[in-house]
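A quick write-up on the structure given underneath.
Here the chain labels run A, B and C in written order, and each chain numbers its own residues starting at 1.
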Amino acid sequence: MKSLTEYLDMEVPSRRGFVNLTPRVEEAVERSGISEGLCLVNPMHITASVFINDDEPGLHSDYEGWLEGIAPHEPTGRYKHNDTGEDNADAHLKRQVMGREVVVAITGGRLDLGTWERIFYGEFDGMRTKRVLVKIIGE
Amino acid sequence: MKSLTEYLDMEVPSRRGFVNLTPRVEEAVERSGISEGLCLVNPMHITASVFINDDEPGLHSDYEGWLEGIAPHEPTGRYKHNDTGEDNADAHLKRQVMGREVVVAITGGRLDLGTWERIFYGEFDGMRTKRVLVKIIGE
Amino acid sequence: MKSLTEYLDMEVPSRRGFVNLTPRVEEAVERSGISEGLCLVNPMHITASVFINDDEPGLHSDYEGWLEGIAPHEPTGRYKHNDTGEDNADAHLKRQVMGREVVVAITGGRLDLGTWERIFYGEFDGMRTKRVLVKIIGE
């Protein structure tokens, strides 16, 4: 069995935003030399998501508005978590809707993704450096 | 390490529907000859989910109504994604609530599922052929 | 390739509650002797979640109120699933929002978690014994 571990730095200059990670994950798969296996991608933070969906700005705008409806940022005082001095309780909720991680198959040395599947980092409490973990195991 | 990759064709004759994939995934596990490992099951599409829950029609009807409340199909014009000519923005949202993939343990050559756990394909934009990926690694 | 399979008993004395599983999963990783691999943690039940988020009681209270708003327990008659004699349809919905499982990287013989990442069991239909599966594969 072979494995590869990489940490990607993420810097989203706004509170919320989506970043296409697919090219960076593909490069990690190439570096791993693994042809059959599994690739885990997850943020190492609890106010962000890694998810798979469409690389289409209209959809990302829909996600933004929809998540804000489900778990509004304001008024921040509505959340007990924010009594700790934080203002990011909504980000912990939004991240659960979008999910923490993805596991992607590696087949023939490539990410085995459908035509429109792209791996995204979803930031819900940005403006600081965060990390994404890529872990690949296989042969 | 051994691995197996299979692609299942899915054809749901309505916009939305749920299909029990468990028997087909169990057959793939048998074909793999793997006794200890992990099994990833995911749609290769971004308007569908693979999830684990109960094989009970009343619950599926509850999911249908609940998801329609959280992310309504109509009016389709409320979503920017639909400005691209699509009418399936709601399906991209519903899929995030239900999740993309499941990872199931394989123990003693079988899917290590609880008594009521069944693997489902959730279609949110059907009436065309889609594919589900089954990837198994282990020994 | 090495693997380890463990089943953890869970007993939450109320309908809903959150339990930090991280120490028990770390112990399983140590017992496995695996230094590079993947660790799957999932409930073997369909009215519970395993998820990763903050070990902060205010946030857990926020989750409780937020999930009750998205998928209320009462009136139980609003759900078709409850026509089967159950009263836990809401738990099947809440579990989809919070997710079924987590997959965590193992690096250098440890769970490769970010500073604030903790593995939680989320119970939505408690007051009976349930089981959580820990499956580790790697080398």
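We adopt the following convention: contacts are C-beta pairs under 8 Å (C-beta built on N, C-alpha and C of every residue); 3 or more make two chains touch, one makes a residue touch a chain.
The UniProt protein names, listed by chain, are A, B, C = Secondary thiamine-phosphate synthase enzyme.
Everything numeric in this text was worked out from a predicted model, so none of it was measured.
In terms of which chains touch, the assembly is arranged so that all chains touch all other chains. Taken over every residue number at the interface, the positions common to subunit A and subunit B amount to under half, indicating a different-residue contact. Averaged Cα coordinates give subunit A a centre that lies 20 Å from the centre of subunit B.
The set of subunit A residues that touch two or more partner chains comprises 1, 38, 70, 97, 99, 103, 137.
Subunit C makes touch with subunit A in their complex at residues 1, 36-38, 51-54, 56-59, 61-63, 66, 70, 97-99, 102-105, 107, 112-117, 137-139. Residues of subunit B that touch subunit A in their complex: 1, 3, 5, 38, 40, 42-46, 70-71, 79-84, 89, 92-93, 95-97, 99-101, 103, 131, 133, 135, 137.
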